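What follows is a set of structures to go through.
Each of the next two complexes has subunit A plus one other chain: subunit B in the first, subunit C in the second.
Then we have the complex of A and B:
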C-alpha cells in the first residue's frame, strides 16, 4: 500500500508511505486514491511528510485524483510539502488548484469552516 | 576572467530502482564543480527537477538502448545534455494543429503548440527541420479551467526552469538530443536566471 489512511474529524488523511514519489509508484497511487474516493471519501488530505521528491508522473496522478474527486463535488488537498516540492507546485502553478496546508491542524480547521 | 569548464558523461541503464542514486550522482558532480561565486541552492533545486524529469522521460520513451547524460559546468552556465536512440519526440495532433512528422520541412521558423491547459501552455519554435526550442506561457485561471488541468508536466517543468531548452533529432543516426542551459546571472554574480 502506498497510502496509510486514518480519519481525523471527518477528514480522511492519506499519508504517502514513500520517500521517492515517482513514475514507478504513480499508477498505484492513482488507483488507491480513486478507490478511496469510490468508497465515499470525497474530501482527502494527502500528507507528503515522508516524501523527499516527486516527479511529473506522480503529480499527474495527483491531478487525476483531484479531477475525479471534483467530478463528485469533492476535493483533494495536500499537507507537509518540503520546500522543493512546494516550489515545484508553485512552478507549474498547481498551487492555484490545490489547497496547500503547512500542517494537519490548519487543514482540519479549514475543513470545519 | 578565467574560463572554468568541466565535463563528465554518465550512462543511465534505465533500471527503475536506480533512478534516485543516479540522480544524486549527477547532482553531486554539479555541486562539486559550480564556480564559487554561484549560490548553489537554486542551481541544485533546478538541476534536481530537470534531471528527475529527464530520467522519467528516459524510462517512458527511450526504448532498449542506453541513455547518455553529459554535464558541462563553465564559468557562466550549466549545460545538461541527454542523448538516446528511442522514438523521436512525438508531435501528435492537438487542438491547435495536425500531427507532424520529422523532419519538419513545412514549418521552419514557425511556432507550434505542444500542449496547453487552463494554467500553462508549452510551445516550440521550429529552429530548423530537425530542431525545436521550447518555451512556455501562463494563463489566468478560471473556475471552468480547473477541470481541464493537464496531467502531463515533464517538458513544462524543464522549459520553465531553463534559460534555453532545445530538442534535436537526427534521422541518419536515430539520435534524440535534449540540450538544457542554465545560465548563471551576471549582474550580481551570485544567482541564476
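Then we have the complex of A and C:
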C-alpha cells in the first residue's frame, strides 16, 4: 500500500508512504486514490510529509485523482509539502488546482467551514 | 528501468546466515544487494526500490516463496522483475509449480558461488539484450510510420534564430514534444510540451497532443486568430472532453513569432516560465504564464504576453527534466539552480553552443531522471 489512511473528523487523511514518489508508483497511487473515492471518501487530504521528491508522472496521477473526485462533487487537497515540492507546485500552477495546507490542523478547520 | 551497468539484487531468505553469505559473495562480484529475511520485508523494500533481479528462497514462514511470487505477479511493475528461486531441495513438482509462476530459473543453495554469479550475469545480460531488441524494433516501427515528437529540421526565420536541444530519458522516447510550425511568410509557431509520464506511454500520447495542437493552430489561423491564448483555450477544451486524453496531463508552451513586426506572443499551460534575456539591460526576466495544465479544468485561465524582443535578446523555453537533478540526499527539482548555471552563458555570441558544451547540461544527458528539452530563440537583425 502506498497510502496509509485515517479519518480525522470528516476528512480522510491519506499519507503517502514514499520518499520518492515517481513513475513506478504513480499507477498504484492512482488506483488506491480511486478506490478510496469509490468507497465514499469524497474529501481526501493527501499528506506528503514523508515525500522528498515527486516526479511529473506522480503529479499526473494526483491530478487524475482530483478530477475523479470532482466528478463526484468531491475534492482532493494536499498537506505538508516540503519546500522543493511546494516550489514545484507553484511553478507549474498546481497551487491553483489544489488547495495546499501547511498542516493537518488548518486543513481540518477549512473542511469544517 | 534496466540500466546497462546496474546490478541490484534483492535477496530473500529466512535463514540469515544464507542471506549474509550470499550477500557477501555477490557484493564481492560487484552486485548491490538488498536483503530481506521474509517475503513481507521484501514487499516493503519493493515499495521504494526496484531491483534488477529477485533471488528468493521458497520455504519461508508466514508467506512462502510461491505466495511471494504470486503476489508479485499481481503487480504490473513487480511482475516483470526477473525472479529466481533459490532452494535447498531439488524437487521436480516444486520446480514445476514455480515455473508456472513464471520464475525464470532455479538455483540450488549448494551451487558454488562463482557458478551462481555467472548464472545471474548471463541472465541479466539476456534480459538486457531482449529489452534493447524490443526498443530497437519499436523505434524502427515509429520511424517507418514517420512518427516524430521532435522536428526533423529547424526552419529559417527572418529576424529570429531558432534552435533546440532534446535528450530523451535513458534513450527512451518520452513525453516531451517539440514542433515548429511555419504558418506563412509572416507567422511561425514554436511549440514545447511535456506529457506527464515517461517512456512509451507518454511518447504515444505526445502524438495525440501534437495532432490536436497542429490542428488547433491551423484552425485558429484559418479564422485569422493568431492569439496563443485562443489556441491554448481550444486545445484545452478538446482535451478536457476527450475521454482518453482527459486522464493524461500535459504542459504546453506556445510562442507565435511575427516576423514582419519582429514581435512574439507567448502563452503557457502549467509550463515553466519563459526565460527572456534582455540584451540592452543585460538582465534576465522570467515571463510567467498563468494557464493551468491542459485537460485539468474546462476553463484553464489562459492569457498571453506579447512583446517585441530587442536585438540580441534571447528567449529560452524548457521542460521540467532539465531542472531535476540527483545528489547524495536524493532527487530534487531546482529551477533557481538551472538559472544560476545558464545566466553567465547568456548574451554572448554563441550562447546556444555554450549551452550544449556546458557540463551541467551535458551531464544531464547521462544522469538525467526525465526527458530534457530546451528551445532557444534569438532576435537578430533582418
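To be clear about the criterion, the second predicted complex is superposed on the first by the 113 of 113 C-alpha atoms of A that agree within 3 Å, B and C clash if a C-alpha of one lies under 4 Å from a C-alpha of the other, contacts with A are read in each partner's own complex, and residues count from 1 in each chain.
The rule we apply is simple: contacts are C-beta pairs under 8 Å (C-beta built on N, C-alpha and C of every residue); 3 or more make two chains touch, one makes a residue touch a chain.
The structure displayed is predicted, hence computed values, not measured ones.
Student: Record, for the superposition on subunit A, whether partners subunit B and subunit C clash or fit.
Tutor: clash
Student: Go through the superposed model and pick first if A:5 touches only subunit B, second if only subunit C, both, or neither.
Tutor: neither
Student: If you count the residues of subunit A that each partner touches, which comes out higher, subunit B or subunit C?
Tutor: Touching more residues of subunit A than the other partner does is C.
Student: Is A:96 touching the first partner subunit B, the second partner subunit C, both, or neither of them?
Tutor: A:96: touches subunit B and subunit C.
Student: Identify the partner contact of A:18: answer first if only subunit B is touched, second if only subunit C is, both if each is, neither if none is.
Tutor: second
Student: Can A:27 be said to touch subunit B (first), subunit C (second), both, or neither?
Tutor: In the superposed model, A:27 contacts subunit C only, not subunit B.
Student: Per the contact definition in the header, classify A:56: touching subunit B only (first), subunit C only (second), both, or neither.
Tutor: Both subunit B and subunit C are touched by A:56.
Student: Name the residues of subunit A shared by its contacts with subunit B and its contacts with subunit C.
Tutor: Touching subunit B in the first complex and subunit C in the second, residues 20, 22-24, 53, 55-57, 59-60, 63-64, 66-67, 84, 87-88, 91-94, 96-97 of subunit A appear in both lists.
Student: Which residues of subunit B touch subunit A once you look at their complex with the stated criterion?
Tutor: Residue list for subunit B touching subunit A: 16-17, 19-20, 45, 48-49, 52-53, 55-56, 59-60, 119-120, 138, 141, 146-147, 149-154, 156-157, 160-161.
Student: Report the residues of subunit A in contact with subunit B in the complex, numbered from low to high.
Tutor: Per the stated touch rule, the residues are 20, 22-24, 53, 55-57, 59-61, 63-64, 66-67, 70-71, 84, 87-88, 91-94, 96-97.
Student: Within their complex, state which residues of subunit A touch subunit C.
Tutor: For this pair, the touching residues of subunit A are 2, 17-20, 22-28, 52-53, 55-57, 59-60, 63-64, 66-67, 84-85, 87-88, 91-94, 96-97.
Student: Using the touch rule from the top, collect the residues of subunit C that touch subunit A in their complex.
Tutor: Contact set of subunit C toward subunit A: 1, 47-48, 50, 75-77, 175, 194, 196-198, 202, 246-249, 251, 270-273, 290-293, 296-297, 301, 320, 324, 329-335, 369-370.
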